[in-house]
Every structure is written in structure tokens, then in C-alpha cells.
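Quick notes on the structure that follows.
The letters A, B, C, D, E and F name the chains in turn, as written, and every chain counts its residues from 1.
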Amino acid sequence: MTRIDGRKENELRPIKMTTGFVDFAEGSVLIECGRTKVLCCASVEDRAPCHVPEGTGWVTAEYSMLPRANRERSRRDVSKLKLSPRSAEIQRLIGRSLRAAVDLAALGERTITIDCDVIQGDGGTRTASVTGGFVALAIACRKLVEAGVIEKNPIKNYVAAVSAGIVEDVPLLDLCYEEDSSAMVDLNCVMNDRGELIEIQGTGEGRGFTVEEQRTLVDLCQGGIRQLIEKQKEVLGG
Amino acid sequence: MTRIDGRKENELRPIKMTTGFVDFAEGSVLIECGRTKVLCCASVEDRAPCHVPEGTGWVTAEYSMLPRANRERSRRDVSKLKLSPRSAEIQRLIGRSLRAAVDLAALGERTITIDCDVIQGDGGTRTASVTGGFVALAIACRKLVEAGVIEKNPIKNYVAAVSAGIVEDVPLLDLCYEEDSSAMVDLNCVMNDRGELIEIQGTGEGRGFTVEEQRTLVDLCQGGIRQLIEKQKEVLGG
Amino acid sequence: MTRIDGRKENELRPIKMTTGFVDFAEGSVLIECGRTKVLCCASVEDRAPCHVPEGTGWVTAEYSMLPRANRERSRRDVSKLKLSPRSAEIQRLIGRSLRAAVDLAALGERTITIDCDVIQGDGGTRTASVTGGFVALAIACRKLVEAGVIEKNPIKNYVAAVSAGIVEDVPLLDLCYEEDSSAMVDLNCVMNDRGELIEIQGTGEGRGFTVEEQRTLVDLCQGGIRQLIEKQKEVLGG
Amino acid sequence: MTRIDGRKENELRPIKMTTGFVDFAEGSVLIECGRTKVLCCASVEDRAPCHVPEGTGWVTAEYSMLPRANRERSRRDVSKLKLSPRSAEIQRLIGRSLRAAVDLAALGERTITIDCDVIQGDGGTRTASVTGGFVALAIACRKLVEAGVIEKNPIKNYVAAVSAGIVEDVPLLDLCYEEDSSAMVDLNCVMNDRGELIEIQGTGEGRGFTVEEQRTLVDLCQGGIRQLIEKQKEVLGG
Amino acid sequence: MTRIDGRKENELRPIKMTTGFVDFAEGSVLIECGRTKVLCCASVEDRAPCHVPEGTGWVTAEYSMLPRANRERSRRDVSKLKLSPRSAEIQRLIGRSLRAAVDLAALGERTITIDCDVIQGDGGTRTASVTGGFVALAIACRKLVEAGVIEKNPIKNYVAAVSAGIVEDVPLLDLCYEEDSSAMVDLNCVMNDRGELIEIQGTGEGRGFTVEEQRTLVDLCQGGIRQLIEKQKEVLGG
Amino acid sequence: MTRIDGRKENELRPIKMTTGFVDFAEGSVLIECGRTKVLCCASVEDRAPCHVPEGTGWVTAEYSMLPRANRERSRRDVSKLKLSPRSAEIQRLIGRSLRAAVDLAALGERTITIDCDVIQGDGGTRTASVTGGFVALAIACRKLVEAGVIEKNPIKNYVAAVSAGIVEDVPLLDLCYEEDSSAMVDLNCVMNDRGELIEIQGTGEGRGFTVEEQRTLVDLCQGGIRQLIEKQKEVLGG
């Protein structure tokens, strides 16, 4: 089987991260995975939400598609007066994933919001948001340390994400839009730099998948995430 | 380690399914998993949504907590003018899971909506919704066949769901609320009666989990789901 | 004239009240009036709304139909982003009726919210909500006294409600759905255990009704409410 | 007992109806009952809502308070993104009341919407809306006949409304704001020109009321409505 | 060219201002410009919004059309769950215009809200709202001084507004609805009593307009506003 | 007086337009005016809104700020369940401006939506949206012609926009954020390539402005727009 863009089965799409794409955000990066482009901005606020224990902070995320990020224009959420359920699901995933990278006590009574706005969507926007969102978050945390606002960098570990799927019974890493549209199984993993899972979400589209197949997909993701974290380290100069 | 309710590590909570709890629905069941109680009602409508290919049908789900299903009263969605993001996420999961049980072409241009309303929530409400929702769906499908509306029962296979988690480093099946609150890892599986995965969702709360741990949890779920499907067959007299 | 279910003109439908249907609520009852089923849950909160004089409490109610409570499925309020006007009207009625049973000063700075969720609607859901809501409220108040939170039980009197109507020119007590659908006049009364009116609401559907007819309907209701209050006392062991 | 404005117990406030207050509406009247001022406009649309049998029409009403109609400014509904529950209740009452005046088959497939906007509220705004709304409706119907759009005037009978209440144990007709604020019982009647009830709504505020008291209030209303209908006839030149 | 109502090119429509149209508002006026009728009410509240410097006040405006103000009935904003974008734009204009008349420091920590509700719309409702809104505001400010709440009247200068437009290539002052509908250019000016501009908004409908034409329209407006301010002084007895 | 960025009083900020920033849109451009960055995407849909005469098309615009476009993060519109009134006003302006560039009959029954999403806002976002929106629109129109969908290019003329203002009594062209914040007068012009006005909007902030000052600002804008249209022609290769 030949992939539509000629990649090997376990090959990522080309990654590009442009930091500082937005001047005003405490951390920002435009992440490109193939044709997928997501702008991730980290904003620091000097108070924590009330559901958080005193003295500790919070990390949260918002995710949205620009109306013309896709092949068809979609209506804005505000004109439907509701957050798209898909966006609601995705931003919860991003928030949980990024909190797993942060020592919230070390952050202190602060909230960091990661806005992930999809400028162009060609598959894998949620995993690109996690991978790029981590970079924006790390930049913002470093600035807090450099400015002397907090003493210790609250970043505990790297976090990145990628998808894998089964297309015509072949397990493939990092599906692009065309592959995703015809995938029988679609699975996303978020992992840290120890190769541990933070999140796993898999769905059979049209058929179930065996426990064995699921393991293969997780292994593919683990390989891809290792490379993504390398890339993050490079960008962060870490 | 002793579980709070004395169960073994791989033991389900007691299951009870009362079919016909609501007279008017085409299929209904009150499912109880321990203290968790979910009312699942199937409603058949004679038209399919427009995003579905002509001649085929659709299965969808809605999920909601009654305001006093939990230890604390929660405000109704309508008073906040938005669907709770958690409910949005869960009802998408239930819908995808139940569609995996149905031959949508055999259903014809019909929509079956499964309403899952949590009357009491003590952990595992989303998996109870899938397991009970399947029973309501199967009853509604059987009625369509019995009434001569469709020829062939569109149910392709059974579907059920359960959670597993890691509490104090011990993998446990079917977490109740107290266990869920202190779990380090929480993982839900939806499977069919061939033991294949339909959906998998896992989250590390406070720590990552190894690929090995993830496998153990999936195995626990597989055992539990086998028993749940036995129970479904009993109730459906199938 | 023979009633559809064989009842006498001044006969109530069979009543059943299952208390403690939901464990977590401070008071709960599943009330069944014929095929009508309403779950009533009382929740106590330790603060009063700001429009209430200092030192006194408040009792309020919310009413909602589950989507498949009726013969046809109805859309959830949240998907229309507005409370159904009918529900808005009914929950105001329930709230006013139950406040008439309570010494708000004796309650202290607390709010008791009575959630009335209709599981199956076969006519008379608003009056069943008042009758069942009172029981949930009384249980919650008793618990406050037993727990030593307040000294004196704030319940001043019993409150119950029933409907009556004119069908084919015959006045009938406690209309079921079929009767209600063909009624020319529909009237609801809420009364206390001294036989005094708390609320009266009557509507001519298709024709006006004389002051004399209105009196007959009130008398029918008065008889029915006497029996309902007997039933409440039984259930409450009062 | 002397009433605040010197009226007798069974005396209405001065009524004034200015028809044609808005040029563009098919029927309009500014009704003033004492200091209460409500603008009622009838709009005719050439289609009926889908829940109405083919060939017949519909009459509906909307009710709203201008923000500074009261002693305190209130926020607009749109800024709270919800119709005030009180308005929802009242506009349902007005709609039902006015439909009782109309032969919907004679109206044909048309909708008449009566907008009742309270410019100044000093008690009795819902009953003034019914009384004024009828006048606007009758003007619009007459125009339809005069324009040859329909043959027979669909108005079947007059409809008007008034309140009565018990203040310091004295039954009084047509409460103004100060009386309403201290009333123990508040009751509204809508009646036709045969003296039949269309709607009755009564509430005990702070105490119950006997069946006997209720009868006295209805009698007071009946007397007041007779005078209001006289006034309507005068204004309509009928 | 003859204007539809016989006016000269630089002639205003007849102006009428009825102050005290609503008793409860701190200032109120019904302004009529030809057939356009707008009710303007000023409400004083004893606190300023948080975005305002300490010790200073705020003036804001809300604008709305009653549903039957126009030739066709329009739906209420609340039933669409959103403020009409046109109203949003207009009320921002009115607010900015009226703030230009007030010394916000002299007002102290107070908010004055000017509600402009269009009862009948025949062109020029936004400019009538500014002209009438100023009168309501001035009455409310004077009352604050008379009541000794503030020492110095915070009104710094008069403010009024009018439109001009180009119809069949002829520049005309104060367009009525029919003229407005066929105008090629439509321009509104808000000015103070020194003849200075506060706001200018002009739009080419169907064609652009030269800088020279724009100057002619501003000159027309300047003449009209001078007369409107004369009228305001008369009404305010200033 | 020296401008903060060293520009002359009648000098524009550096302009950069990157076309094709989003692959999927029928036309797209990232416009940068100094530090202001707006992404403009044109989407073509094969149907016109119902308020448009048969056979003709429509051009409309939507405008939104990304949450971290500004120095402070702002909440998304959807989380407040309403379009920001400022955005409502601006997108109406952009829509009117761009329609002035198009022969809607030549466009045929199509809608072109121009989405203007502000990625970074440093003053002048609405005028940048008009200038960039025109480029996106022109690209989309050219594609329609090239694809043979329509015969004649519906673009009638160029349209661009810029602001001018008075800062410390000095009239300046193209205000950046710092200048805008301290401006006494702020005025925006939209013009076509014949130097005619399409839209003018001016506001006195803190003081009125003379008719003479207004003329000076329009002249400044006219000069700036001439240069912007040169730039548009260059980018469009026209």
C-alpha cells in the first residue's frame, strides 16, 4: 500500500513550529503538521478558578476552528449560540493533557489558558493542538521564571500527541484528512517523555478492532511522539 | 487491598435492568449498576437526518444528569443556556457506540434517539448508558420488526461498556464513585460480543500510565463486558 | 357516562408514593398518579437568594419533562436554548404552592429547591408535582430538625393539588390524558389541610364556563385533595 | 377602609383607550387603567402556524415590560438571553383569552399576533393587556372584513379581564400597585360578554383563602368586566 | 424636485417632545419627528460600571424597536436570543453621543441608562433617539441637582442629531422612510451647541459620494441641528 | 510632534499581504498593517439569501478577534453567548463596503462570505479587514470567472479603507494602538479607486471636532487609500 503523500507507514508528516507568531501572548506558536495549521497562544492570568485548592494554579484550553479552516465553510459557534460539541470534547482533552505536564502547586495562584485556533485543518488538529499547546505553555512558564514571578519552572515533563489509524486494514501513523476520512479505526495518544500514556482515545468507524490491533496503534503513536518531543526540545532550545 | 464494597478486583457491581419503565417509549430500561441508575429510552422517528445517505437511517444519543443525581445538586443545562461540555462528550460516545451495533441500511430512513437520563450517579454513568442504551435500542428494533415496519432486525451485534481504573496502584474493574474519585488512571471500554473494541478512552489523573498498565485495564474490561452481554441477553430473552 | 378507566366522576386515580427513590437528595419521592410518574427531589442549600429578607429562607421549584415522558418525544429545553414557557409557568405555580406550606423565618437562611422531573406524563403532572413535591419538602425539613440544624419544623400545613374538568358537559375529578385532551374546561386547585385554596387556575378550552360550573369543579377538587392529604400523612407517617 | 385613591371597593380605575396609537399596525390601542399604560398592537400575517388544522387560523400574544415601566429599571430579556418566566406565563394567558373570542375557521389561514408592551406598570398589566388586546384584535378583524379579505367577522364575542384581591381582609376590585403589593389574595378573571369565565387565576399570598372568599372575588370581577366590555363597545363603536 | 411631504430641501419634519410620558423614570420624553415616535427614559443607578475610573460615572444607552414599529412586524430580539446587530450598532452610537454631553466626574459614581424604545419608525430613529435621549438625560441630571444628590449639573453642552441624504442626486435634510429607502447616500451627524461634530456616519448605498457631496450633507445637518437644539432648550426651559 | 514609530503625519504603516495563506478558501490573504494582522478568507456558496432579488447575489462579512489578539486576553463570544456589539458593528461596515465593489447581478445567485479574523490587533483592524477583504473577494471572483462559472468578473471597482485621527491636536494618518488610545478624534474612511467615499465614520473622544478638522482627516484618508489601492493592484497583479 502506498500512502497518498508517499510517506512510510510509521512516518510523521513534516512538522514546523513558528514561535512568537503573536507578539502579545505570553507564549505563542504556529504549529504546522503537513497542511494542518494551528495557532496556539498561552495567556497567563493572576488568579485561579475557585474549584482549585488554595495556593495552586490551573491550566485550561480552548479549541476552535476558524470558519474556513476546512474544505467547506462552517458557521461560527456564536451564530449557533453554542460551542460545537466536538470542540467541547477536544478542548477538555487538551486541557487534561497539558495539566499533566505542569506542577500546579509550583505555578501558584495563576491560570494559564491555551487557545488553540485551527487556521487550516487537514486531519490531526487535536493532536497538533496538544503538541503545539505544550510549546506555548512552556514558553509562558519560562517567562514567568525569567521575570522572577515564580521561582521554579512548573513544567514537569514534555507532552505531545499524535494519531494512528487503520486504513484498508493497514495501521498507519499520523493520518491526513483523506486517510482519516476512510479510516476503519482512529486512535489518538497523548504521552509524556517517559513514554507513558496521558490520554488514549480510540474509535472503530464501521468495524470493531481487536485488542491486538489496538496495541499496534499505540506502538505506532509511541514512536511518533518520541520524534515530536525531539522537535519540541529543539524549538524550545531545551 | 479491600474494595470499599467488598468486591473482588475483577468483580462487577450488581446489575439490574427493568425494561418497560416508561410505557410510551418504543424501548425503555432502567439500568442499575450498584447505586448508579440510568433511565434509557429509545424513540423512533420516521425520518433520517440530512447528513445520512439516502435510504439509510441513524442512531443518536442524548445524555443528561438530573439535577439531584449527585451528592450536590447541579444547575440544569437550560438555566446556563448551554449543554454541559461533559454531557456533550458523553453523548457523542454513546451515539458512536450504539451505531456500531446497527446496520443503518437495514434500519431504513429512520432515526432512533436514545435518551440516557441519569437518575442517580455513583460512577460509571457513561458506561451504564451504553449498556442500558443498547437494551432500549434492541427492544425498539425488535418492535419495528414485529410491527412489520422493517423486515430484518438491524441489530448486528451486542454492545456493552464498563470502566476500569488504577487505585493505589491496583487495577480494579467497574469503579464506584469513591474509587473513581481517588483513581490514578481511569479507562472506559466499549466492546461488542466478539470481544472487539468499539471505543476506548483512558486518562491519567495525576500520573501517566504505562502501555503495560493500559493492557491490563483493557483485559479487565473485556472480562466485565462479557458478563454484561450475558446479562443483556438474559433481559432481552435473546 | 363511563370514564375511560372506569372511575367514578369524583374518583382519584390510584396514588403511589415511593420515598427515597434517590439516595442523595435530602428528600425524594417518586409519585405515581395512574400512569403519571414524577420524581420529586428536595435539595437544601445553606444560603438564601438575595431578594429574601435577612434571616429568612426560600423554597423554589423547577419542573421539567424528560424527553420521552410523552407519547411523542420532545426536544430538550437546552437544545432550544430556552426553558419551555409551559415549564416556566408550572414551576412558578409549584414554587408558590410549596412556599405556602413553609414558615420561611423558621427555615432560616436556607434555600430548598424542589426538582420535579416528569418521567411519564399522562395528565395532571403539575398537580402531581405539587403533591409529591410537598412530601419531598417535608422529608427534607424533618431531616433538618433531626440533624439539629433548625429547632422547629418549618412546615406549617399540608399542601396538595388536583385537577378537575368538564368533559362532554360532565364535571370529572383528576383527568387522565385522554380526558384532558377532550376537556372543555380544565381547572387545577392547590389547597391546604384546612380546605383553603392556595392556587386556582382554570381555563375554558373551546367554550366559556359559568360561575356555577366553576364552583362545582372547585368542590370536586376539594374532595380529592382531602384524600391526597390523607395519603401524604400516611407516607410521612405523620 | 379607605382605598389609597379613594375608590369604592367595587370601583374600577379610570379607563382610557386611544386607538390608532401606532399607524402601521392593523389594529392598535394604548390602554390606560389608572396609571397602568399598555400598548396593544395587532399584526396580521397570511399564514398559520403548522400545529393548526388546515384552513383555520391562529391568534397569539406576546407580552413585555419596557425596561423603565416600573419603579425600578429592569434589564431587558435579550440581555439575559431569556424571556422572563413571568412574561412567558402572562403571554400564554393573553393568547388563550383572545383565542376564546375568535372563530379560527372564519379567520382562515392567518395569524394575528397581539403585542402587549407595558409602557407603565401600576398593577393589573396582564388584565389590561387582555382588555386592550381584544380591542386591537377587533379592529384588525374588522379591517380584514372591510378589505374583503374575509367575508364574515371572526369575532364571536367580547372578552375583557380584571383583577380583584383581598387587602387587610377586605375584597377589592382592580388593585393598583400599592394594593397589589400588600394583598393577601390576588385573583384575575377573564370573561366574555355572556358573563362566562374564560380564565381564572388566583393565588394566596401569605395565607390561603376560603372557597367562599374566592366566590366573592369572582363576583367582584364579573361586575368590573361588565363595565369594561361597555367601554370596549363604546371605543369600537359596536 | 418636490419632497413627498412638501418640505423644502433643508426643512426638518415637525418636532414634538412630550416630557414626563412615563412617571417612574428619572427623566422621560416621547419624541416625535414626523411620524417617527421614540420613547426615551433615563434611569439613574447609584453605582458605576467597573471599567470606569473611581469617583466618576457613566452614561449608556439601549435601543430597541417595538415589534410593530415598522410596516412589517419584526420578531423580538429575545425570541432570536440575540440583540439585533443594527440595534447593537445604534445603541453604541447613542451612548457615545450622550457621554459627550456629560462631565462624568461631576456625575459621580452613578450610571444613567437611556432607554430608547421606538414606538413607530418612519426614518431617523437613531437621530431622534439622540435628540430625545439628551432631553431625558438633562431632566434626570437636573433632578439630581435639585434633590441635592450632586452639586453641579454634569451637563456640559447640548447634543442633538439629524440625518441628511442624497435622493435622486438632490441633498435633503431629515429623510423620512420613503426618502431613506430610495436614498443613494445616507449620512447622520451628532453635534453639540458649538456646532462641533460628535459623531458622523455616512454610507453610500449603490454609489459612492464625493468629498464635496459629503460636505454639503454635513452643512445641511448643521443647520438642522441648530434648530433641534433650539427646540430642546424650549422644552427644557433652559 | 514625533510619532511613536517615527512615521510622518501622512504616512501609512508598512503593508504586507500574503495571499493563499489558507489553501481551502476560494480567496485568502493575511494582511499586515504594522503589527496588525488580519486573516481574510472568501467563501463562495451557490445560493443567495432570501432577502435578495432573484438572480442576484450577495456579499457579506464576519469579523472576529481571536482571544489573544490583544494585549489582554478576551473571552470568546460563544462563551458569552453573544456576538460582541463591537464586532456586530464592524462586520456590518465591512459587508456594506465590499458590496460597493461588486455588481451583484453579475455575481448571480451566489453568496460570498468574507471572514475577517484578527490574529493580532494593533489599531486599524476594521480598515485592514476592508482592505484585505477586498483582495480575498477579488481572488474568489477571478476564480469564478476562470472556472467558467460566471462570464463577467463582478468586481466593479477597488475598495480600501484607512483611519485618521487627531492626537494632541495634530491630524495623523493610520493610527497604531498607542495613538488610537490617546486620540481625541478617530475617523475611518472607505473609498473606491475614483476617490469617492463609500463609508465614513468619525467619533469625538473627549471633545467635539470642527467641520474643518473633519475635512482635514478625510483628506488624509484619501491620500492613504490611494496608496493602499496601489498595493492591492500589485498583489492582485491587476
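Just so we're on the same page, a residue touches a chain if its C-beta (ideal position, glycine included) is under 8 Å from a C-beta of that chain, and two chains touch if they have at least 3 such contacts.
The model shown is predicted, which means the values in this text are computed figures rather than measured ones.
Participant: Can you spot which of E-F, D-E or C-D is a repeat of the A-F interface, where more than half the contact pairs line up?
Facilitator: D-E
Participant: Report the chain whose CA-based centre is farthest from the CA-based centre of chain F.
Facilitator: Ranked by distance of C-alpha centres from chain F, the top chain is C.
Participant: If you average the CA atoms of chain A and of chain C, how far apart do the two points sit, in angstrom?
Facilitator: From the centre of chain A to the centre of chain C is 50 Å.
Participant: Roughly how many whole angstrom separate the Cα centroids of chain A and chain B?
Facilitator: Centres of chain A and chain B (C-alpha means) sit 27 Å apart.
Participant: Could you work out how far the Cα centre of chain B sits from that of chain E, in whole Å?
Facilitator: The separation of the two C-alpha centroids amounts to 59 Å.
Participant: Can you tell me which residues of chain D touch two or more of the remaining chains?
Facilitator: Each of 81-83 in chain D touches at least two other chains.
Participant: Which of line, ring, star, complete or other matches the graph of chains that touch?
Facilitator: ring
Participant: What is the sequence of chains around the ring when one begins at chain D and proceeds first to chain E?
Facilitator: Loop order (chain D start, chain E next): D, E, F, A, B, C.
Participant: Considering only the defined contacts, which chain E positions touch chain F in the complex?
Facilitator: 81-83, 85-86, 88-89, 91-92, 96, 100, 187, 191-192, 194-204, 207-211, 214-215, 218-219, 222
Participant: Flag every residue of chain C that touches chain B in the complex, lowest number first.
Facilitator: 21-25, 28, 35, 39, 41, 43, 45, 62, 64, 66-71, 73, 76-79, 81-83, 113, 115, 117, 119-120
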